[in-house]
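What follows is a group of structures, each given as structure tokens.
Both complexes shown next keep chain A, but they swap its partner, so chain B is in the first and chain C is in the second.
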Partner chain A sequence: MELTASYRFDVPPTALWPLLVDPAVVASCLPGCEALEPVGDDSYRAVLTVGIAAVTGRYEGTVTLADQRPPHAYRLVVTGKGRAGFVNGEATLELHEDGGGTRLDVAGRAEVGGTIARVGQRLLSSASKMMMDRFFDCLRKQTAAPS
Partner chain B sequence: MYPADFAYYRASSVQDAGRLMNEHPGAKFLAGGHSLIPLLKLRLAVPPALIDIGRIVDLSGVTVANGRLRIGALTPHAEVAASSDVATHAAALADAAGQIGDPAVRNRGTVGGNIAHADPASDLPAVLCALDASIGIVGASGDRTVPASEFFLGMMTTALGEDEIVTHVEIAAGQQHGSAYAKFPHPASRYAVIGVAAVIAADGDACRSAAVAVGGLVPAPVRASNVEQAVSGEALTDASFAKAAQRVGEDLGDEILGDLFASVEYRRAMAPVYVARSLSAAAARARK
Partner chain C sequence: MATRLFGSGIRRREDPRLITGSATYTDDLTLPGMVHAAMLRSPHAHATVGTIDISRAQASPGVLAVYTGKDTSDGLQPMPCAWLVPDADLKVATYPCIATDTVRYVGDIVAVVVAEDPYQAYDALDLIDVEYTALPAVTNPAEAAGDGAPQVHADVDKNQAFHWAVSGGDVDAAFKDAEVVVKERIIQQRLIPNAMEPRAALAEYDQASGDLTLWNTTQNPHILRFLNSVVTGVPEDRARIIAPEVGGGFGSKIPAYPGEFITVFCAKQLGRPVKWNETRSENYQATTHGRDHVQEIELAAKKDGTITGLRCTVWAGMGAYLSTAAPGIPTILHGLMLPACYGIPAIKEDVYGVYTNTTPVEAYRGAGRPEATFMVERMVDRLAGEIGMDPADVRKKNLIPAFDDGHDTVTGLTYDSGDYPTALDKLLSHADYARLRAEQATARKSGRYIGLGLSTYVEMCGLGPSQVAGAIGFQGGLWESAIVRVHPTGKVHVFIGTSPHGQGEETTFAQIVADEIGVGADDVKVIHGDTDTTPMGWGTYGSRTTAVGGAALAKAARKVRDKAKVIAAHLLEAAVEDMEFADGKYSVKGSPDKAKSLAEVALMANVAWNMPANVEAGLEASTFYDPPNFTFPFGAHLAVVEVDKATGQVDLKRYVAIDDCGPQINPVIVEGQVHGGVVQGIGQALWEQAVYDDSGQLVTGSMLDYALPRAGRLPEIEVLSTVTPSPHHPLGVKGIGEAGTIASTVAVYNAVMDALGPLGVETIDMPFTPERVWRAIQQATKGH
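== the complex of A and B ==
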């Protein structure tokens, strides 16, 4: 499954970057995030409860912010599994200066397996997009908040 | 697979259902069960309790009163498909209800359950949007009515709160228009790969106004306003429908659902075909 999206922020990359790599901010914006604990090397152990309609599941995994080039780009590597299935994904986040603000481009791919992939395949990309939209909407609100 | 253990409660009224939901956080309302039970069996949903609202009698049935066609939330699809009132006032809805799943689904599945679940591949959401239906809801904070266009917010996401229940769907009765639903069903599941509902008001051989809503290939139904504008004022001919239907690409947005059976590109290419078919069928009824 391929995922691409673009988000626009009113703050420049130098102001957005610290939020994107701050585990407290990421944890507060990641939908259903119950825990995000550092395990070294820019890696975190994550526990998420993700739910859409009646389908809710608890997933445990690791999130790694690799190849960091502040404030331009990093590679997000996610692995996780839960009762309903597993996910292995990787995405590149690129921050581009855009008229005083930032255009953030996300391009990635994810492998999803297990029950959720067998029966929910047609819904997965839309569900992923919905979570991504919620994450970046939340981040956008954080950039607007007084620091 | 067997579902995980859950407690079962039967509600005698909507008030009772609300009270039970309060007492059992995380519970799910059970109506016909034709979306929820499969999720339970796959253990994709593991609610601690089910609150069965299926026997609340005053939530079922089709009536016409005060210029409104009213369909109770617990009315099964088969009853909607067979109703002469629905055929008269909202033919597209009868079309769609008769094409949902298989006979077992149509006899047990309910209108309220279908729209509360809001599967993107469901038939009814697009039809209700095209017909400008309103959706009656009851919850702890009281009764409210939401237009269909504001009810379906995204994939399996609606304006319905956790403790709220859909009570009915209402559509203006006695409108001088024809409506129809055209569907590309998935050959195995009968879910809509593409589903298009069209409503046409005729002025002689011309189209006075049109409403078109598309579902199946988008996370939530969209009104095809470019198609609606393109067809309004034009002759009611298949040539003008085919031309107007080409505009649907501009209405769909950039998020098209694809799967192993039908890719994003294929669905995008097929959408105008079903838009044109629904317009043609609606026009045939509008002329009568």
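== the complex of A and C ==
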């Protein structure tokens, strides 16, 4: 499954970047995220509860923010498994200066297996897109919030 | 005159319990102390298995045991393949009940949990941590056979499970001299059988005596008893296999599965009854699938429509392992039928059985014969298009004339009897084919696309004789047995070795016996599906239950009748030669008043106060019947469709089926079998397909994504018949369980292509979803 999307923020990359690599912010914005604990090397142990179509599952896995080039880009590597199957995904996040704000481009691919593939695959890309939208919406709110 | 029950459409005695929900399936059984198993299945299509951490699962509430492949490798031998097709370089890869180092399809079992209740068992599956390292997977059989494809089994080069070939006649000459050659590549897509009852097993093992009782949803309990002894080590005399009510099989319950043997293993280990009931989701991924052929076909002919040769190559997906009977299906049951009802004089087929990272493929209603019929019938229509002849006329030109004493084919079969032209003529006149063609032409003028699809078929069923079974590598016999036991009150128990599961033999077999010995059908109870009470038999598949088991039963009943005649003669103080069985009574010829009923004879036989000299007490007989040949039912089907050019929607407007299964014991049941079979075949043409993604995930993993036929989308099916008795069957009957499926897929396919012909569409891969049909229309009419 391939995913590409673009998001626009009113703050410049230098202001957005710290939020994108802050585990507390990521955990609070990631839908269904129950825990995100650092395990070193920009990696985190994550526990997520995700519902797609008829498949709701609790996934445990790791999230790695690799190849960080602040405030331009990093590679998000996710591996997770749970009752409903497994998810292995990788996405590149690129931040581009855009008229005082930021255009954030996401390009990634994911492989899923287990029940989630059997039952939910048809809805997977739209569900993933929805989760991403919610994540970045949340992030946008945080950038607007008074610090 | 006693009413003859043979031929009477009496109601199925099975139905009240089925439609009121009082039937007892495996999952309805509960035993004291019973616990529940759940299988952990691989989410990967192909992966190596590292460490498996079961500690958290073991500590989970209610869990009694967790076993992995390492724990079961001593107690469970690998799954046997029981159809070892000869001269095919067959490579049976090791098929462990529980995978140890490698998983090869999504659904391969890696562990089993046994817990006090099923929910605890399923919850504990979540707590097993398996370290997988994913490997590249391959799912398409033609790709798997190619260079550089991922290897499903390290010791099977190019994933080639077998290469089987059949040939007859001079194919090279046929193609060299051909005036017309038509070619097509056909995908017989993978199908999911969808029995209403998923698989289930309940095992009870007495650790003191070593006795095992296994309730299992199977089509062949006696074969399962044998295979169970091989895999679990429980000897046949210690194992009782019971098939309670079985909620459909369609071939998917022929094979033995790891699931039931793992259940037996757990019961042996724990000393408690263990039940395993698969979920629908497991059923989709791990109960065998059907079809999955990639076929390349060429037909040679003369310009006048005479078919002269057929040459083809088939890549048959076998899945990750060879299921019990799998190798015989795309070979023996498929290639031998290619001469079809035309007696095609030159045939050459190469079949490559190919391992892929998918669910094992087995028999599915028709099993090999729908795929063969499809190839021939599709090519006949292609030929008709090529030479500008009506498809009905091409068929008429080539059909074998009527015969009643055998027709030899170039593939070595002898069709028993047939009258193919009459079946086709009857179809054409019933449907008013000429009028339909005229209507089609008129409709086209107004932009409506109506299509007519014909399929004339002959199939082989009534699998037997055993000598042939041996020659074709079937690791068993193909005879059948029956016991007819008459009780003192004249009530009858019939014990049969076959194992009906929806086909209605509890009714039709009572009809056979009633006529043969002179009782009412209601006086006969048919008992099946329990290896401790029924005689050995080889199961219900290949439309063989009535064709072979019914013959055994008729012969056993006739033995009872002969003995009853001897006893009646004694009681009437008449000579046996002077006795006759008429109007359901045993009477002295010419003196119908001097007669005994079966009940009177049975009472004397059972009390034995006054028996003829040298005649044993009791009124009972058994038979082992090994048929001299297969039976060859045939028929002609017509589908009428209308395709909406704008949307690609196919509307099946009419379906007419003419089937000849010989004399019909119960025409209502025959009609039901035809209905079900036809609908399953239509399902393949229009809706059904199991789809794997590139990584080997089954994406049609539920009924949300796998489209089954629904009544609302089907026309009333018009069922007619002709009657051509089998010369070698004691009752002349041939079998009807699969005929509908064998004929109908290609009838619908031909109809759709006939509708789209004017638009230039030549081929579409099934199923004909609106999207595919629409795309094909766009492609063909691009720029117009």
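In the analysis below, the second predicted complex is superposed on the first by the 143 of 147 C-alpha atoms of A that agree within 3 Å, B and C clash if a C-alpha of one lies under 4 Å from a C-alpha of the other, contacts with A are read in each partner's own complex, and residues count from 1 in each chain.
Quick note on the criterion: a contact is a pair of C-beta atoms (placed from the backbone, for glycine too) under 8 Å apart; a residue touches a chain by one contact, two chains touch by 3 or more.
Just so it is clear, the model here is predicted, and its values are computed rather than measured.
Contact with chain B, but none with chain C, is seen for A:T56 once the two complexes are overlaid on the shared chain. With both structures placed on the common chain, the touch criterion links A:Q121 to chain B and to chain C. By the document's definition of touching, neither partner reaches A:E97: not chain B, not chain C. In the superposition on chain A, A:E111 makes contact with chain C only, not with chain B.
Once the two complexes are laid over each other on the shared chain, residue contacts for A:E37 go to neither chain B nor chain C. When both complexes are overlaid on chain A, the residue A:K129 reaches chain B alone and has no touch with chain C.
In the superposition on chain A, no contact is made by A:D137 with either chain B or chain C.
Of the two partner chains placed around the shared chain by superposition, neither chain B nor chain C is touched by A:D22. Residue overlap on chain A between the chain B contacts of one complex and the chain C contacts of the other covers 53-54, 83, 115, 119, 121-122. Across the complex, chain C meets chain A through its residues 43-45, 106, 125-126, 281, 284-285, 693, 695, 697-702, 704-705. Chain A makes touch with chain B in their complex at residues 52-57, 83-84, 115-116, 119-123, 125-127, 129-130. Residue ranges on chain B touching chain A, taken from their complex, read 28, 35-36, 39, 42-47, 117-118, 120-121, 154-157, 219, 255, 257-260. Within the complex, the chain A residues that touch chain C are 53-54, 81-83, 85-86, 111-115, 117-119, 121-122.
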